[in-house]
Every structure is written in C-alpha cells, then in structure tokens.
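Both complexes shown next keep subunit A, but they swap its partner, so subunit B is in the first and subunit C is in the second.
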Partner chain A sequence: MTDTTLAARAASAPGVPVRTKAGRGVYPWLALPAIGFYLIFFGWPLVQMMWRSVFDDGFTFAGYWEFFSLPIYWYVLGYTMAIGVVTLVLTLAIGYPVAYWLVRLDRTWTVVLMAFVLIPFWSSGLVRTYAWIVILGRQGVVNNLLIRLGIIDQPFAFLGTHWAVMVGLTYYLLPYMILCLYSVMNNIDRNLMKAARNLGASPFRAFLTVFVPLTKPGVFAGSFLVFMLAIGMYITPALLGGPEQTTLPLVIALQINEALDWTLAAALSMVLLAFTIIIQLFANRFVDLDHMWGGAR
Partner chain B sequence: MSERTLSPGNIALSAFSVIVLFVLVAPILVIVLVSFTPGDLMQFPPQGFSLRWYQRYFEDPQWQSATALSFLVAGLTAVFSLVLGFLTSLALVRGRFPGKNALRIFLMSPLIIPKIIVAVGLYFLYVRMRILGTTFGLVAAHTLIAMPYVVMILSAALFGFDRRLEWAARNLGASPLKTLWHVTLPLLRPAIISAALFAFIASFDDIILSLFLTKLSAPTLPRQIWVNVQQVIDPTIAAVSTLMTLISVLGLWLVALIQRMAARGAR
Partner chain C sequence: MPQGASLSLRELAKFYDGAGAVLGVSLDLEPGKFLTLLGPSGSGKTTTLMMVAGFVDPTGGDILVNGRSVARMPAHKRDMGMVFQNYALFPHMTVAENVGFPLKMRNMSRSERDDRIATFVKMVGLEPFAKRYPQQLSGGQQQRVALARALVFSPSLVLMDEPLGALDRRLRLQMQEEIKGIQRELGLTVIYVTHDQEEALTMSDMVAVMEGGRISSFGTPREIYEKPTNRFVANFIGESNFIPCHLEQAGGETLARLESGARVAVGASDLPAGAPGVIFLRPERLRLCAADDALPNKVPGRVMGEIYLGDASLYRVRLGDGLEVKVKRPNRGYGMPVREGDEMMVGWQPADSIVLRA
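Coming up: the complex of A and B.
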C-alpha cells in the first residue's frame, strides 16, 4: 500500500530529519503500559478460557463433546451463522443504494442527511433495540395501527419471531454498512464516470462497469464488519427473539447465568472465537484490515 | 455524476433513500414521544404531554445510583484509555521496533472479537481475582474496549503532526516534558477531546460487559434499563432512553464541532 496522505509526504520530504536520536530510544518503550494492561485484561482471560474449556477437575473434552454431539448446538451454530449472512445481505442491499444516493448529493445536503445515519450510529444499542419492543409489541405502534385500520382484530405477536430479530439486527447494523460504503464511494474520482459516459456508455452501464467495481473495498469491509457484529450480538436476539431465535452468544450467557456450566460456556466461547478468527483470516485476503483500522506505516 | 435528471430511476432511488433514512431515525423518535406520555402505559401516539416519567426517573434512588455509577465509570474509562492510548500512539507512530504491525493488530482486536467473549473471559478472571462487581473491574473492562478507538484517533492525529514545531521548542531550550506539555498536547487537543468523548460513550452505552461484571444491586444505567425492560414496562425507561440518546448525540455533535474548528484552524 502506498501512503498518499499529506503527512506521509511531509515526513518523507527531503531535509526533514525523520526522527531524533533520543526518539529512537524512548518511543518504543511507551507501548509497555498498554501491552501489560492488555496481557492482564485481554490475553490472560482468553488463555484462561481456553484452558477452562478443556480442564475441569482434570483434563476433559466434555464441553466440546457436548457441543458437537447434541444437535441443538448445531442448530444454534447454524442459526447464528444464518443470521449473520442474512443481516449482511440485507444491510448491503439497503445500504448500497442509500450510500450511493448520499454521495451524489450536494455537500450541504450530505452533511444534514448524514445526521440521520450518525445519530442512530451513536445512540445506545440497547435503547435502539428497546425502541423495537415499543414498535412491535402487543400494544405497540404497528399493532395499534393495524387494529385501527381494521386489518386485524387481535394484536399480532411480532416479537419472538425470526422477523423481529432480522429487523432488529438489520436496523442496528445498517449505519455501520452505510458509513463503510460511503467513505469508499466518497473517494472515487467522479470524472471516471463522466469519461465512461463520454465514451458512449449508458448511465447504467457506466455505473455497473466503472463505479461498482471501484466500491469493492467498501463492500468487503462493510460486509465483514456487519457479519462479525451480527454473529456476536447479544441484546437484539435476547430482547426481540424467542426460544427459537437462540444464538451462540445467548447460549454462552445462559450457561454462565443459569446452568452454571462454565466448562461448556468456555467451550462455546472458544467455538465462537474460532469462527471469528477463521472469518478474519479469510477476510484478510479481501480486505486490507490494517488499512481499515487506520494503520499507517 | 452530478447530472440531476428526473428519470424514473433517480426518483425511485431518492424515494427509497429518504424512506430508509426516515426509518433509521423513526424508532428513536417513537421513544422520545412515548417518554412524554401522561398515561401509565407505553402509548403511541401519546395522549397529551407530561414530564411525570422524567420526574419519576430523577426522584428514584435506584435510577440515581445507576446514573452516578455510569458517569463515574465512563469518566474514569476516558481518563485511563487516554493516558494508555496516548503513550501507545506515540510508540506506534514515532517508535521503530520489530513487530509493530502485529502489536497494532493486537491492540485493535478487542474491537473485532465478539464482546460476549471478552465479557465471559473477564468474568472468569474477576471471579478468581475476587474483583467481580467492583468499579475498578468495570473500568478496566471498558478501558479495554475504548482503547482501539482512542489509539485510532490519536495515531491519526500524531501521524499528521508537524514535528518541526517540537524540534523548534527543543532548540529553544525546552525540556522534553515541557515540549510535550506546552507544544505537543495543546496541538493535539482536538484529537484528545474527540478520543475522550469516544471512550466515554463506548463505556456509557455498553451493556454486555455491564451485564456480566456488575452486581445486580449496583447496576450501570444500561443494566438498570435492561432489568426494567424485562420486568416492568413503564414509560420511565423511555424517559431514561431519551436522556441517554441526548447525551450520545451531544457527544457526536461536540466531536463534529471540534473537528470543524480544527479543520478551520489548520487552514
């Protein structure tokens, strides 16, 4: 990756010493407090959890065995992944046109309308999920409206269905997708589309063969982010779903809070973690994650 | 691309986008409106206007202590993650050492690993260390999830930092610490404030770590909401949610304002 930021160019400009002699010695050591903190509160818990998943009064694979031998856990794992995929497809299908529309607007309008994306992005996820209880509940906005319009007589149980969970997750994660796509689309040189038009391409063809391929990094980054967040989500399936909408994070919490089976909880966490890491390695081939996280050499 | 024709395709795209943007904000508006209901039930649209649920929130000692804890934890999280994050960013941007990229990925990973795994891991650890339910334990956990944001923001700012200003101060006889205090930190002020706000909101809005790491008798604001959502459906939650959203939006607005001022100052 070539760095094109102004700062990178300034730093490599001739005549500017890149670093002082003292700086070379001191700066690396400043990372030590954070490394220590991460090792205690991040590395150690993960290692301990890995250990816990195979050790309970002696070496055991009971946790993993229970997971792989019971069909219910396969269902939960499959459901969690399915939810991730469906959420990713929905947010992409809805977010792509909206991001495209936002990019083409006048600067002033973009600033105003981006608030509609940024306000939900910044609001508490719990509050935003709770809002859907108010909207979809038995006495909720939708049921009241449908009854008043005479479409149904009895309130419809929206909560506790796949639909409610899908709506909640898509709503929750749509701002992430739109922001990812927008930031990439915003950097695309608009003259490329004009050039395609000048060369005789129809607007649709120019969009499809010039614009869409250039948005690939945003599509991959957004999809990766949404999928990872969706499979790890706890509050949305917990509040909007029922027993059939049990995801892996819900089962993990259940083992800790009610079943008190810590070995199984640790094993389930390791399974979720393994999936996360596999997907991350896979994504690494398509997304420049280092770049996505603001990495700069 | 700036051609604005009234083709059916463009009209459809605009209509679709406007609807989506409306739907993104509508649930928040519903909560805000419901919070002003005078009735005992969540009602939409509310019949009339009253502040009784806000009054209930401000007078209830349980909500008060939950709010106080959330503010305390979020404030401490902002301070800790700023100090750790600033030192780390200096090392990442200015230091040269092997494994720097691996370190950056390691520091960012709490952002990408499902929070529930972090929560369960810390739960096991805290039980063993006997610090489950302590304010310190929660602050440490929140610092961990705030660090990626802080490091990202401060690294970006340090990367664009004109170091000749520091060399000038050093040439004029300032000590390294004096240079840091009088030159580096003031110039980084916009980024530092943004990072602090991000860390504050990340902690203030967190529910999963709070669910595992706080005591039921001393919950944070989100956990108190969580308990109430599952037990009593009374509009106090709507009032609290409205106030929480207000704080988040205020934070966002401040960050945007600071960035705009910084951009103007740089010109």
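Coming up: the complex of A and C.
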C-alpha cells in the first residue's frame, strides 16, 4: 500500500523506553529506619506469637492438635471465610457503582460525596457498630418503623443473625472498597472511553470492553483488602452476631480472655495467618497484578 | 473514487453558560480532501472537531456528512475515525487488538477481521509489534497504532486532534509525510486540528484559520499564505511585515503614502482612498538593493542585525521613519555583501504587497 521502507523506519523508531537500574550507592541505606521499625513492631511480635503457639512449659503441638481434631474449629474457620467472601461480594456490588459515580460527577459533587465516604471511614469502628445496634435492635429504628407501618406486630430479632453481621461488615468495610476502586477509576484516561465510542462501541459496550477491564487492579486490590479485614474483624461479629455467628477472631479472644489458653489462641492466630497468606498467594498466581498495572513489562 | 465523504458545517455553534466557544462556523469540504483547522488555543478549533465527532452537543447549526445531518446522531454511530492527541490506545489490548477493536464493535467475522488487521498493521509498518502492548512502544509507534485503528474500518471521515504534538521534530516531519501519503492513497477526507502553521501548510488541501470561535480565513495553503484577507491571518501564518500607510488615488493608479511621506505603488486593495491601512509584505519578497536598482518600490534603510538561519539570513532593517522590517535573503554565496550598519534600499514589486485594514 505504502512504501516498504515504512516497516524498517517503524522498527528503528527511537524512544523505546529503557529501564535503568536505580537505587545504587547510598540510597538503599535510607530504608534502614523503616526496616528497623518494621522488624521491631511487626516482625518481633509475630515471632513471639509463633513461638507461643508451640511452646508452653516445653514444646507442644497441643494447640494445633486441638484445632485440627475438633470439627467445631473447622466449622468456625469455614464460617469466617464465608463471611469474608460474602462481604467482599456485597462491598464490590455496592462500591463499584458508587466509585463510578464519584469519578463521573463534576468536582463539587465528588467532594460532597467523598465526604460521605470518608467521614464514617475516619470515625471509630466501635461507634459505627453500636449505631447498627440502635438501628436494628428490638426497640430500634427499623422495628419501630415496620410496626408503625403495620407490616409486623412483634419486633423482629435482627441482632444475632447472619444478616446483621453481614450488614455491619459491609457497612464497615465499604469505604475501603470504594477508595480502592476510586483511585484506579480516577486514573483511567477519559479519552479511552471517547475513543471506544468513536470507534463504534455503544456506551454500554465501551463500559464493558474498556472501562471494566481497566478497573481490574482496583477490583482485586479492594477485594483482597476487604476480605482480609473481614476475616480478621472482631467488633462487628461480637456486637451484632450471636453464638451462631462465631468467627475465628472471636474464638481467639475467648481463649485469651476466658479460657486463658494462650497456646491455643496463638495456634488459632497462626492458622488464620496461614490461610490469609495462602489465599494471597493463590490470588497472586491467578491475577497477574504487575501485568494489569502497566501492561506486560 | 475517494473513499471519504463530503463534509459541510452550517452555522455550527457552541455556547457554554452563555459564553461562546464556537460562534457559527460554516464550510464545505469535498470528498477526499485534507482540511486543517488552524488557530491559537481558545480559537474553537478543538470544540469544532469534538462537535463533528459527536462528543460535544452543538448549541446551534448543523453537520452534514454526504449531505445527511449527523448533528443528533450518537458518537458511536457516526462512523468517523479519530486520532487523539495522546493517542488514547487501550492499554489492556495488544496492537492487533487495538486495531481490531472497531471491527469487533461492528461484529465483523473473525477471519475477515484478522485480514484487515494484518493489512493495516502492515500499512503503518508495525508487523513485528502486533502482539505488543502500547506501553512497550515508542511515541511514534503508538501514533501509528492510533492511525491504523482510526482507518481500519474505512470511516467516512478521519478526525485528528493535534496527533503529532508529542513527537520530536524529525519524527513529526516523517509522520506528516506518511499521513499525507496514506490520505492521498486511500482518498480519505481528513479534518486535522493543529496550532502548528507549518504542519497546516504542508499537509492540507484546505486550511481554515480560526480566531475567537470563527473562521477568519478559508482557502488553500497558498491562498492563505500569499493572499491573507486580514491582519490576523497574515500575522498568524509565517513571518510578516506591516508598514502603516494611507491610500491615495492618483490618475487611476493607487498609491500608498507611508508615514515618512514617501509614496509607493501597491497592488489591488479593497480599502477606500484615504483610509488608514498597512502594507503587508513577506520577508522573502523584500530585497536589499542599491539606490539605482530597477525595482519600482524602494525605501531607504539601515541594516540593524542579521539572524543566520543556515539556508537563509533574516536581516532587521530600520526604515527612515524608525519602523523595522525583516528581510529574508537566501544564502547563495554570491550577490551584494550585507553588513550590520550598512545603508541600503529595501525594495519590492507592487504585486507582492497587499494593503490590509490597519
């Protein structure tokens, strides 16, 4: 079509980015204070806990044995994971459209709506969870409203149900999901959607083929974060749940505060940590985050 | 038979909260022509392009493609290929997937799609890079992908928004040549937006110079450069000299009286006698000469300085009344030597001057 030297010219076009090795010389040493802080305040307690889980007047695997031999612990672990997955799905389902609107709205509205996201995020988790007791309790807002409307005669026991724990966790963790999604969506070049429409994609198709794939890093980052926080959460299941909503962190607290079985508590903590790491590795394997952030490097 | 469509704009306008960005733009473009919208930033050229593309709703007026109005048609149905300033390549798709995107949106079969992708990736010389991602390409290569993607579906119009702005000069000149070559070869109708006047002159069949939301001048590059119709256009494109004058009518001949009192012959002018005006002269149409030279128009001056351009030199010459003009002379290596401080005549042919409204 055009002259054949085009190919040769394109191949020799200058400016193919070259990655240089940075950080030689004195710079690595600047990381030392951070590494020291990390080792003292995160590394050391972790080592202590690991030690505690196998040492109690001599080496023992009693804690791990108790966990692996009793089905109740497996049930609690399963329930904890299930709670994590459901919370993840709910926060994603609610957070995605909210983050999308935050990005699409003009500046002033973004600021106003962002305040609605951030103010709960900054306030105490305990207060926010107690607020749900006020809303969902026997004499709570929801029950009063339903009775006044004549939909129910007797107050409904919302508290102490799976439903209450789900609502509480979703509400609590939603800002994390929204912020993760927002930061990624906000960095998507708006011209890309224009380009997609210009090239013949309907707005909906442009959304599915261009916008959604580009938000994947945010979706995965938000999902990891929410899932990890959900399975480690103590306050919400403790306050809004009942005996049937016992999660692993509740069992750990019970061992420490009431059974005074520190070895079991430490062992359970290690199991929770191990599962967290396994899921992280598993996810990393299937989701090549590096690839999604900057194309294949 | 050109593949591109014809385009007509009819009093196209866009107002934002009462303030006008585009104040009624009308033009007609034949199929297969390359039109450049040229103007400084804020002149409304990009807004005009965005209205044609369907990303900005016009406040008034109409857009006709092959005689049919598209002003109310959503962007994705307009069948126009656009090359964006920052290329807007999809970062999660390879070169081939980017180029194939418009075909996929048109539900073209897989095999047909692959054929077309191969043809166009080859056309822009990117065969070895088809499986790479945009981030792995240089700016010039990304530019080629954007071009192939905008052309692969045989659009009725090709729209380009300062597509070469981010490239270095060498690459820019090379891409200008290639884009022009492809446009001619395929008979594309192109609307090209730029603020680079050189680009506009070298690439276009037609140039619309925009100023303050209006078309200030519309014509071929030669018309725009050599016969500007107003001072803005003359000033915006190329180097210009403006010598203030008053027109006088003397025995059927039009003369211009300069502020020094000297009278010079001028070509045709629309200005009435006695009206204040400016004589417009391109530096390359002025000559440094001796007092006995045969040129009809001569004004004495003093050489104040030289700017060496390589192939030519630009001399600053102060005329008797204190006005400085620029005179461009090719460096041929022979002819009258010129040094700073020399007293010389600046001369020109009357037909090379145009008297414009002051």
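One rule holds for everything that comes next: the second predicted complex is superposed on the first by the 237 of 297 C-alpha atoms of A that agree within 3 Å, B and C clash if a C-alpha of one lies under 4 Å from a C-alpha of the other, contacts with A are read in each partner's own complex, and residues count from 1 in each chain.
Throughout what follows, a residue touches a chain if its C-beta (ideal position, glycine included) is under 8 Å from a C-beta of that chain, and two chains touch if they have at least 3 such contacts.
No experiment lies behind these values; they were computed from the predicted model shown.
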item	value
Touched partner set for A:Y171, first subunit B, second subunit C, both or neither	first
Contacts of A:R205 with subunit B and subunit C, given as first, second, both or neither	second
Touching partner for A:S183 - first (subunit B), second (subunit C), both, neither	neither
Partner chain(s) touched by A:P213 [first = subunit B, second = subunit C, both, neither]	second
Touched partner set for A:W101, first subunit B, second subunit C, both or neither	first
Touched partner set for A:K194, first subunit B, second subunit C, both or neither	both
First (subunit B), second (subunit C), both or neither touched by A:T110	neither
Larger contact residue set on subunit A - subunit B or subunit C	B
First, second, both or neither for A:N144, with subunit B first and subunit C second	first
Overlap of the subunit B and subunit C footprints on subunit A, listed as residue numbers	6-8, 10, 16-17, 194, 294-297
Subunit B-touching residues of subunit A, taken from the complex the two chains share	5-8, 10, 16-17, 19-20, 22-24, 27-31, 33-35, 37-38, 41-42, 44-46, 48-49, 52, 94, 97-98, 100-102, 104, 113, 116-120, 122-128, 130-135, 137, 139-141, 144, 171, 174-175, 190, 193-194, 204, 228, 231-232, 234-235, 239, 249, 252-253, 256, 262, 265-266, 269, 272-273, 276, 280, 289-290, 293-297
Subunit A - residues contacting subunit C, complex	1-2, 6-11, 13-17, 189, 191-192, 194-203, 205-206, 209-210, 213-214, 292, 294-297
Complex contacts: residues of subunit C adjacent to subunit A	53-55, 74-82, 84-86, 88-92, 101-102, 105-106, 119, 122-129, 133-141, 144, 149-150, 153, 159, 171, 174, 178, 181-182, 185
Contact footprint of subunit A on subunit B as seen in their complex	1-2, 9, 13-14, 16-17, 20-25, 27-28, 30-31, 34, 41-44, 84-85, 87-88, 90-97, 101, 103-118, 120-125, 128, 140-141, 143-144, 147-148, 152, 155-156, 159-162, 164, 167, 176, 201, 204-205, 207-208, 211-212, 222, 225-226, 229, 233, 237-238, 241, 244-245, 248-249, 251-252
